[in-house]
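Shared between the two complexes below is subunit A, which has subunit B as its partner in the first and subunit C in the second.
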Partner chain A sequence: MSARQAALGLGALALLGFPQLAGAYALSLATLVLYLATTGQAWNLMMGFAGQLSLGHALYVGIGAYSAGALFFHFGIGPWIGVWVAIACSLSVALLLGGLAFRFGISGVYFALLTIAFAEFTRVAFDHSDWLGGPGGMFLEVGQRDHWDLVHFRGPPSLYYYAALGLALGTLGLCTWLSRGRAGYYWRAIREDEAAAQALGIDTFRWKLLAVLASSAISATSGVFLAFYQNNLFPEQVFHISRSIEILLGPVIGGVGTLLGPIFGSLLLTLLSDGATELLGALGWELPGTKQVLYGLALLCVVVFLPNGVWPALYQAWGRRRPRLPP
Partner chain B sequence: MPVELILNVVLSGVLTGLVYGLMALGLSVIFGVVRVVNFAHGELMTLSMYGAVAMFQRFGLDPLLSLPALALCFFGLGYALQSLLIQRFVTRPEHSQFMLLLAVAVCLANAQLMLFGPDARNVSVDYQLDSLELGPLLIDVPRLYAGGAALCASLAMFAFFRHSRVGKAIRACADNYRGAQVVGLPIRRLYALTFGLGCACVAVAGCALTLLVDVTPALGPAYTLLGFVIVIVGGLGSMLGALLGGLLIGVSEALAGLLLTPSAKSMVSFGLLILVLLSRPQGLLGRRA
Partner chain C sequence: MTRLLEVASVGKSFRGLRALHDVSFEVGTGERVAVIGPNGAGKTTLFNLICGVQKPDAGHIHLRGQRLDGLRPDQVCARGVGRTFQIVRPFSGLSVLDNVLVGALHGERRLVVARERARAILERLALAEKWDQPAQTLTLPERKRLELARALATRPELLLLDEVMAGLRPTECDQLLAVLADLQRSQGFAVLLIEHVLRAVRALAERVVVLHHGELIANGVSEQVLRDPAVVASYLGPDALPGAAP
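Take a look at the complex of A and B:
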């Protein structure tokens, strides 16, 4: 289909050329969208595919960010080695959480609350760790900003944009591959009816655990990105429940269980939040909290009127009956 | 460490725990009947605390006196919330319900920020620093009143659910939804009533808590989490469990503040939550799902 190929090519060109065209602010917004798309995709892997609701996903992102950050801060070890350590740390936490939860048959609301408990427990524990900076935070040395230093992952904002783009596309590719393979079908079977899946001979414990592990590894990788992009880490911010909520808003708004939903949702939410700021700024309305109230109301409308998310609704409006599964 | 000190700390933990327990009772009743997890619980709690503070600052009314009016208002608020918004989400998947209540929570918390500003507010009643001496024990009077009010409200809830016809009908809905439909119970109205009652519990707990802590909009999520911890520890959906959980968390937090650093006290409650979830996921007094 040549029209489709042309559109894809044009899209790729726009994404690659974006840093040359856009200003610093738009670039930082785009980087944020891509970062949220990645974490959202990771969350969606667990909830949208395997049906395991996590309300504490900031845990994996934070563990990843802190592992790589601490290696760099204390030993000067760069992110290219740090990312593997981060993934390993995050995987072990995920193994502990998922293993315990699924072994003891915890599901539904209880599983969701367990993920909150783990994230909050970790937050308070990190708050009391002097080695990691405690509540005062951990600050990574900010390197030169004008040229690309790939070894230390330091450079101008466009470097981080391309890194986020790579992460988002890589995650999209990985999730597409996973969802079209054996894992995707097993996960959807578990999501729809766990007992039936078990009766068909699917080792639900193993596959659910695999979903948590894959999701945590992706989250940890984006956590490493976050650490080197922000250069400062506070437990109060990194592990806070509002971060976990930020992660899941994108996919829920975009469409749970779809591949493009998390990306679309992150874009929409970032635009919405930024648009509200602009609007209020233009009106000269500066009462704190107004923006968040607007944001909350918009969220409420989406949840009430588009229960399956915006992406499936758009897809329908464009004439196809419903998104093909997998996409 | 002297025994009197520990006893005093435990006692103050028990009194605070009664207030926590009442808040959690609201959450537990709502979950037990409507099967919706109220993620806006803490935000409702801070709203009622602001209500009490506003009444005090405007009319000089003691929070314990403005309590009945606030409870009535919150009952109406909860009734409206359930019948207008949440009812249509009852049959939707969990994450959808979660998003709805999250959106409500975001609106509530930030509306409070807009109305009252980010600074801590409190009431200064004239018995604020009084204390009762009872042998070796030293009891703060405001804490005693707060705990007493919470206990009375909890007992009223128990009596309502155990003995009144409406309370029995609500329990019937929770026990057997289809059976309740068959015998013709007005399920929607009973659900709205339950949500209203849950919110009234929150209002009473909020009024009592204004005697003990300063209120800021940022407290909302913390109380939501605290409510979850208590309810899970006690047993999601169990009324007595919520009260017991509240006492347990109140005492363990007070003791953790004494024995560890005060800032680590929430770690104790989350640790307790993880332990209970793994060893007895239905909670201490919950029934197996």
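Take a look at the complex of A and C:
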């Protein structure tokens, strides 16, 4: 057994055994990290691979969360069916947004603005929908919290931890597979130089749209998780731009366009912000806004010192002298 | 020699500025044709029209009898036209091999096969050593070769070269010319090149097309055209007459 396999095995054991070892707080943090790693990976698929900046990614998460949430709330339909409806709804919105933008050649900053606009429209629309609870929010019945009920996706915190772990690993697997195939090469080519990519026979409209669709589907799936984990949904929170920024901070700090960057990034950020909040709390200081300030500082440090993100810097430090691109 | 590319009475204006007017010429299968002319003569516009970056206002462009104008650049590539850009546009953040692989994936379903082909092309263009380096670490001559490698990877029947020699030292230029001539002989694609470096035109092109103020003023065998007084005048100004080719 090589050192690499041993490390992987130990890592897997640690991840699987974590709920047995950790307390409730640590478990909730780990769940949050895994959730953010998934949404970050989805955002990274669009921006890091295909070069399409989304500043409104909370849109897809929120659509997913609300679709499955509403099905459960109104009709008692569980998340296993709800997730497919959520993906379908999210894909429709992504198709509309991407189709419109790419057909009319909207790119760069203007594309990013369009993604914000879509998220904001949706927030306002949901705020005015009584069926979805409006600004007062939608509350899913919590039911029991003692034993695992996989059918209704109800149970103790460890259930949600394992679900988030499964989602994060599944997304990592999917993104690895995509990035190593034709899609990955085409997306990176489009990201680097769209005109040159087109000159090499790549139908850029089709492949960019595909990136948005794939990203929205993953985001919607994590949205379904969010709905059943949090059990309450408010348009003001779910679709708010700060949520979209939270999604992209992980990959930006971890390393845009890399597979492990979003995971490193969300881990770092969560540890940093919650660690500091805990520390301040232990010292007896109440400083609201600490999290945001720390996010800002972390981002600033990365932009100045590690413009490619933390993970590529680690990779180069561990790795070879020749410049190579991190996975 | 059968007709491969046919440019028929093509015209293009930009807000009243006539970039091309009534330009017609042909390129045969496996033929090597150079487009020359002073700056602003419409050479790059001509390339952009062929590649589908812009649409002509008048006239038609056909490849093997199939209409090319009105298609998107990727569709033009799919019909068998590869191109390089005047200012090199490597995918900077991708490795050298991946740059070529993107081209080689065109029309190839299997990644492994495409990667092998990309490696073989890098070998031919003396870039194999640097396969795993990011393209942004390459020198200008290497970038030029990478640009060429990428275009060749799509297996073009017609290769459009937009000033591939510009910025190269004479020795580098000669090396690239030798490689190009060798590849062209073995693979048999036709070449249409825009070039200011006349040693490259002489070495590579069998035929020369001359553009001046958007109009075609000469079309014929290289040595004759390059000695044509009107061509020399358009290039060097009337003062240069009577003179030898530059």
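One rule holds in what follows: the second predicted complex is superposed on the first by the 315 of 327 C-alpha atoms of A that agree within 3 Å, B and C clash if a C-alpha of one lies under 4 Å from a C-alpha of the other, contacts with A are read in each partner's own complex, and residues count from 1 in each chain.
As a convention for this text, contacts are C-beta pairs under 8 Å (C-beta built on N, C-alpha and C of every residue); 3 or more make two chains touch, one makes a residue touch a chain.
A quick note: this is a predicted structure, and the numbers were derived from the prediction, not measured.
> So, on subunit A, is it clash or fit between subunit B and subunit C?
Verdict on subunit A: subunit B and subunit C fit.
> A:L165 in the overlay: touching subunit B, subunit C, both, or neither? Say first, second, both or neither.
Once the two structures are laid over each other on A, A:L165 reaches no partner at all.
> May I ask you to decide whether A:L132 touches subunit B, subunit C, both, or neither, giving the answer as first, second, both or neither?
It touches nothing on subunit B or subunit C.
> For the three-chain arrangement built by superposition, which of subunit B and subunit C touches the greater number of subunit A residues?
After superposing on chain A, more of subunit A is contacted by B.
> Nearest 10 degrees is fine: what angle do the Cα centroids of subunit B and subunit C make about that of subunit A?
80
> Touch check for A:F104: first (subunit B), second (subunit C), both, or neither?
After superposing on A, A:F104 lies in contact with subunit B but is clear of subunit C.
> Quick one: is A:A112 in contact with subunit B, with subunit C, with both, or with neither? Answer first, second, both or neither.
first
> Is A:F121 touching the first partner subunit B, the second partner subunit C, both, or neither of them?
First partner only.
> How far apart, in Å, are the nearest Cα atoms of subunit B and subunit C after the overlay?
Taking the overlay as described at the top, subunit B lies 12 Å from subunit C at its nearest C-alpha.
> Is there a shared patch on subunit A that both subunit B and subunit C touch, and which residues make it up?
Correct list for subunit A: none, the interfaces share no residue.
> Using the touch definition up top, name the residues of subunit C that touch subunit A in the complex.
Listed in rising order, the residues are 51, 53, 72-74, 77-78, 82-83, 85, 89-95, 98, 101-103, 105-107, 111, 132-134, 137, 150-151, 153-154.
> Which residues of subunit A touch subunit B in their complex?
Its residues touching subunit B are 47, 53, 55, 100-101, 104-106, 108-110, 112-114, 116-118, 120-121, 124-125, 127-128, 241-242, 245, 248, 252, 256, 287-293, 295-297, 299-300, 303-304, 307.
> Which subunit A residues qualify as touching subunit C in the complex?
Touching subunit C from subunit A are residues 180-182, 185-186, 188-189, 191-193, 195-204, 257, 322-325.
> Considering only the defined contacts, which subunit B positions touch subunit A in the complex?
Interface residues on subunit B, with respect to subunit A: 37, 85, 88, 92, 94-96, 98-100, 102-107, 109-114, 117-118, 217, 221, 225, 228-229, 232, 236, 261, 263-264, 266-267, 270-271, 273-274, 277-279, 281.
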